[in-house]
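The same chain A turns up in both complexes below, where it pairs with chain B and then with chain C.
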Partner chain A sequence: MAEPKFVRVSDDFGWALAPDNLARATAVMGTYILRRLVTLPLMLLGVSIAVFLVLHMIPGDPARMAAGPDATERDVQQIRINYGLDRPLTEQYGIYLKKLVQGDLGESFQTLAPVTEGIARTFPATLELTIAGMLIAMVLGVPLGIYSALHPRGAADRLVTSVAVLGISMPGFFLGLLLMLVFASWLGWVPPTGRGTWRHLILPALTLGLPYVAAFARLTRSNMLDVLSEDFIRTARAKGLSWPKVTSRHAMRNASIPIVTVLGLDFGRLLGGAAIVETVFAWPGMGRYMVDAIMIRDIYVIQGTILVFAVSVVAINLAVDVIYGIIDPRITYS
Partner chain B sequence: MKTIGFLWYLLRRKNYITLVAAFVTITFVLAAVCAPLLYDWDTATRVSLSSALLSPSTIHPLGTDELGRDLLARIVWGARITLVVALVSVTIAMVLGILIGSLCGYYENWFTGGVMRFMDFMIAFPRTLLAIIVVTVLGSGVLSLTLAIGISTIPANVRLFRGPVLALKRRQFTVAAKALGARDLSVLFSHILPNMMSLVIIQGTLSLAEAILIGSGLSFLGLGPQPPTPEWGAMIAASRSHITSHPHVIFAPGITLFAVILAFNLVGDALRDYVDPRSRKAI
Partner chain C sequence: MNPSFSKITRRHSLGLSLAVAGGFALVPIASAQAEFNLRVVQGTDVDTLDPAVSRSTPSQIVFNNIFNTLVRWKDTKLDEIVPDLAESWSKSEDGLRWTFKLRRGVKFHDSTPFDAEAVKFNLERILDPTLGSPNRSLFSSISQVNVLDPNTVEIVTKEPSPTLLEILAEEYASINSPTAVKKSGRSYSRNPVGTGPYMISEWVPAQHLVIKRNPDYFGAPGKPDRMTFRPVPEAEARVIELTTGNADVALNIPPESTDKIRRNASTDVVLEPSSFQIFFELNTTKPPFADPRVRLAVNHAIDRDAIIEKILNGYGRVPEGIFPRGVQGRGPRQTAYAYDPDKARKMIAEVFPGGYNEPVVIWTPAGRYAKDKSVAEAVQGYLNAIGFKTEFKVWEWATYQKTLYRPEPGKGTGKGSNDANMWLLGTGVTNADWRLRRKFSSTDDSNLTGYKQPKVDELLAKASVDMNYFTRMQAYADVQSIIWNETPNSLVLFDQIQLIGVSKGLKGLEVYGDEIVKFDQVTKQ
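So, the complex of A and B:
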């Protein structure tokens, strides 16, 4: 199959949309996505083994913890047999995997409710928060970066370069508490804690997203500057295209590839930071669910939540790779 | 001597913000080292409800917290814990990162390739989450917090330090050393690594900032040192219900934390320019 190589998107924007090439590109992308989807179960298997092993390194006897403080030795032994904890490790993993495939992650020692139920309750809240935080970082950061690239050494430019270091230095929980103090307690514009309306979402999402605004802006800016100095931008201008068209179609599309990479990495980072923001704003998400479980060593909850976090990270990486192919047909993954 | 040279460089370049940052880091280290001379442990941890939530005064320069403990005493002792956790964790991450990274860069085969693939996978994983998992396994406390931060930084360091080794091992002086009969390890340690020292210093400074940030976050979640140990993140977590009525209990440790992290980041950035003038404000 002739692979579409060395073709710049911006040389001819219509390239990827020409019927012939579109079919070819779709076929190439199709096989790539197919190959990734085949390796996906292998990766998930690896993740499940890792999570299983990590949880077996946790000190303490899960059977005794499940039995509670008043249990007799016989009760503990009975629980050990019921959970299969007396079997060899490989056999235990087999049982774990079999249950996992059936969508059974065990149950909480504390509430006796299935872990899947807890995750189903809390994961949407975390996802909502992370996506909102990501949107704030993007919606503020990317245009700011484009603007400062188009006006080098202007006010926005200087602001972006100097503010980025503030973003990476600010502890999320302190920022969250400050925002809560100002906008909820003093001004009373939004409710301080909890989840419900879109007004509840504003402060947690800002806390999560704001530290990344300047970083995104800086990244967009440097990539835009690189692309803007290329020949095809001059060509596009010489053909008589207006600046907005050149920036949006020719420059931005080429500058967006490294940005997507970082977006993918940062999405994972935001997901990891969610536990802290959820604690500050009493947001009923999965990060808090996990940390609470860690406090009381609720093994199956810890195991389940870590697994879901890990799978999310794998899924995000897959999504990033697929998005690459869409924005840049040069990438053929052969 | 080198510190003074660096400070003089900042002064000459009129980089006053970083100069202030350098003094913040020096004050932080001094406070951490001198904590037992300034306040005894008892002042920082003894509960006295009669003096709870006092505003700043001459006796308590930063006021007291909800259990009547002097905030300045707690912040000074907190600096000691923060510095120890950050220094030890960064040392772990740097030593292992440099070791694995340089070996993976020097020997390119299927095994080191596999190690790098694994590291790439770990880097995709959020660091806070990695650290939380390590704390889960080791239990909460100062030691496991330190290990958690250290271990979760290793993958990024491995990748960072592998790059220069890959480039340096093809340079003429390395090839010459090998031609003269130097052993692999001696080439690595006496010819390649000394050429990476500036990177090590810069990365070390920036890692300190990140270690303090992540450590305080884990402590805020309750996964770090347990009360009454004065850790800045844990202090904020414990006092946060009083934020509306007595904001100073949050502001005192919060601003200190932010200032110290910011200072290390600024100093790290300036060190990069100082050590390598070519990268001076690249963008």
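So, the complex of A and C:
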């Protein structure tokens, strides 16, 4: 992610929103996005080589795992031949790359089903869970942060700090089981596991999002406090704007840049963190798909899912860069 | 109504729109009293629904509902084979030709008639190396399958094959509809078509699999109208599914959760014997375990009661032979190895008068078998107590498998050639021949300990061509006795107990030792 270059010079964005400036900004942004998109395939090539090498260097024999612990050596050898695992590494990678270009990610050793199909099935579930978790973190975290910035060292402030410590130190599977025990087992409000209705989504999304609530609140708080001490806030107040207007229009907008940055970074982390939550709640997502594949060295599944994760993270970072421009048109990329 | 790929993606891409996602709740609760939907949660997902290539227990549980085999075991005792799709069979004098008379008028779920051609098609399919079935070698004795007439099929074997019927009774010998296999190609694994009491209704991998009763089944019709299988990997979550009434059966319950299930007014725990035995294999190719006396000695060094009580919450059995209950051909009960560290010390001193001063290398996986690492640590303690120096290493399962089964140039897999003296493994194989041959025949690829006992080799070789079931089982019993009393290849630890959580009033589960459960005759009050 490019470091945004910007200077706070004005108490208003009026100049930046002038038509010719806006057009110039959009054009610069367009070229930037284009440049990023061009480098994407190169980056993916790098990722695919790295993943391929790592998978072949870590111990564990995919053919034996596919055959099962009771299989004879002959069966294992046959599976090696069927999947081309007996060929030289470079040749294997060549075949893989050729298929990849055609949109074929290979087949799972375990289920014999195409990896693209597994990803198409699991990725939407993970995305749904991650977005829901993110929304929870934001919807709870940002207002809490603003509130505690406006009332420093108050009750909300202390709550945020203690929740932050708890959220960071509690492992996801523990929080998940705890929530399940209380809300599914004791209270019976929601189903314990699975995916289907919106009620199934609540617990996994909370488990994923809660640890980030406090983090977002603290981040919002410290940035708000910084901005609130700026000159332009005083100017805005001096020209007679009400506090709510100053906070929402001037302070929040300036404070949101670092929040968006962290949001982008955390989104990738949430995608990865989803694996544990998906296992606890039997959520049919891509994280679980990948972790299960790693356990049995299901090479093509691991490769495919890592590539999709990589593309997602790149896409999110790109989106974050675009959002910078929307929030603060003074930001340019060179 | 088979799930097609396009349907799955379309539905899931809409998943973000919660209202739409809400539209496909599994089965409406309102109709629960009208129809009996048996809901089962298990630890792992069905991997594939093509019986020929699968080896996973969750899949095989489903296969038993969708498919039939030519013959099957009468019940969980595994001592009598009875007709299924074959009505009767006979074998030639030399034991090389088997003739099966097939049941008439049976149709697959897609209306394809079941006949001799279908049997030929299925057996030749599993024998085809390009299918890559991990079960192929079990069928390797078959040289030819001939259609004599539409209702008679002849199987010719290369050598007399006494285990043929047993293999034909396994889930991977299920008879699939040839029409469906040809039509679906690679995607057959998601669209299975058999002759069984149930047929596939919907499968969303990692989410749920629904089967519904086949109204035209030739045998005893299934009792539940539907069955829904869901993978719930986290054991504690399975318990909550059961106790909240969201599931009727929860498989693989951890010992520490049994009290919780029993305390719940509407749930209970079913205890069943398991064919799984957990043991340390001992490297018989190098000291200290090259000498069978030392192998016997360490078996007396372990307090199994304490391990079972303290580590397994009491849910395990002290082994009385290398075959637990639920294994075919289990010989007479042997005397359990008594916990006697003094005796163990004395026996070892006979072999190593000055003591054995090299470290004993102990390997264990973590998280593969019930409490494997904790049990291994306890064993290390017991071995230290009788004067062994020990080195301990914990492995990740895939790496462990690869290391143990590492191929050696010109030798197949390594026979005792790895760096360890003992390594923890378990087996639940219920077939007597397979269970013994893999571990005790000196030439088998799975014989990791390098075990070589001429008498055992001779008995196993004789049994492998013995067409008389009774004398063959007698040979296996003799082998079990020799191994237990004279020359073990392992330090046996415990026999597992299967723990299954059920809602009260559920009756008719047929539980096999290898964790296969038949649900088709289950009723609920």
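The rule is simple: the second predicted complex is superposed on the first by the 287 of 334 C-alpha atoms of A that agree within 3 Å, B and C clash if a C-alpha of one lies under 4 Å from a C-alpha of the other, contacts with A are read in each partner's own complex, and residues count from 1 in each chain.
Quick note on the criterion: contacts are C-beta pairs under 8 Å (C-beta built on N, C-alpha and C of every residue); 3 or more make two chains touch, one makes a residue touch a chain.
Source: prediction; values computed, not measured.
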item: Partner chain(s) touched by A:Leu166 [first = chain B, second = chain C, both, neither]; value: first
item: Chain A residues touched by each partner, larger count belonging to chain B or chain C; value: C
item: First, second, both or neither for A:Leu265, with chain B first and chain C second; value: first
item: Touching partner for A:Leu177 - first (chain B), second (chain C), both, neither; value: both
item: Touching partner for A:Asp61 - first (chain B), second (chain C), both, neither; value: second
item: Chain B versus chain C as contact partner of A:Glu91, first or second or both or neither; value: neither
item: Partner chain(s) touched by A:Pro124 [first = chain B, second = chain C, both, neither]; value: second
item: Contacts of A:Thr72 with chain B and chain C, given as first, second, both or neither; value: second
item: First (chain B), second (chain C), both or neither touched by A:Ser185; value: both
item: First (chain B), second (chain C), both or neither touched by A:Thr279; value: both
item: Intersection of chain A interface sets (partners chain B, chain C); value: 58-59, 173, 177, 180-181, 185, 279-280, 295
item: Chain A residues touching chain B - in the complex, by the definition given at the top; value: 54, 57-59, 161, 165-166, 168-174, 177-178, 180-181, 185, 218, 221-222, 225, 265, 268-269, 271-273, 275-276, 279-280, 290-291, 294-295, 302, 306, 309-310, 313, 317
item: Residue ranges of chain A touching chain C (in the complex, touch as defined); value: 58-61, 64-76, 78-79, 82-83, 107, 110-113, 117-118, 120-122, 124-125, 127-128, 131, 173, 177, 180-181, 184-185, 188, 191-198, 201, 279-282, 284, 288-289, 295-297
item: Contacting residues of chain C [partner chain A, same complex]; value: 5, 8-9, 12-13, 15-16, 18-19, 21-22, 24-26, 47-48, 50, 53, 55, 129-130, 132-137, 186-187, 189-190, 204-208, 230-234, 236-237, 240-241, 243-244, 246, 396-399, 401-403, 405, 407, 412-413, 427, 429, 434, 438, 444-446
item: Footprint of chain A on chain B - complex, ascending; value: 123-129, 132-133, 135-137, 139, 209, 213, 216-217, 220-223, 233, 236-237, 240, 243-244, 247, 250, 254, 257-258, 261-262, 265-266, 269, 281, 283
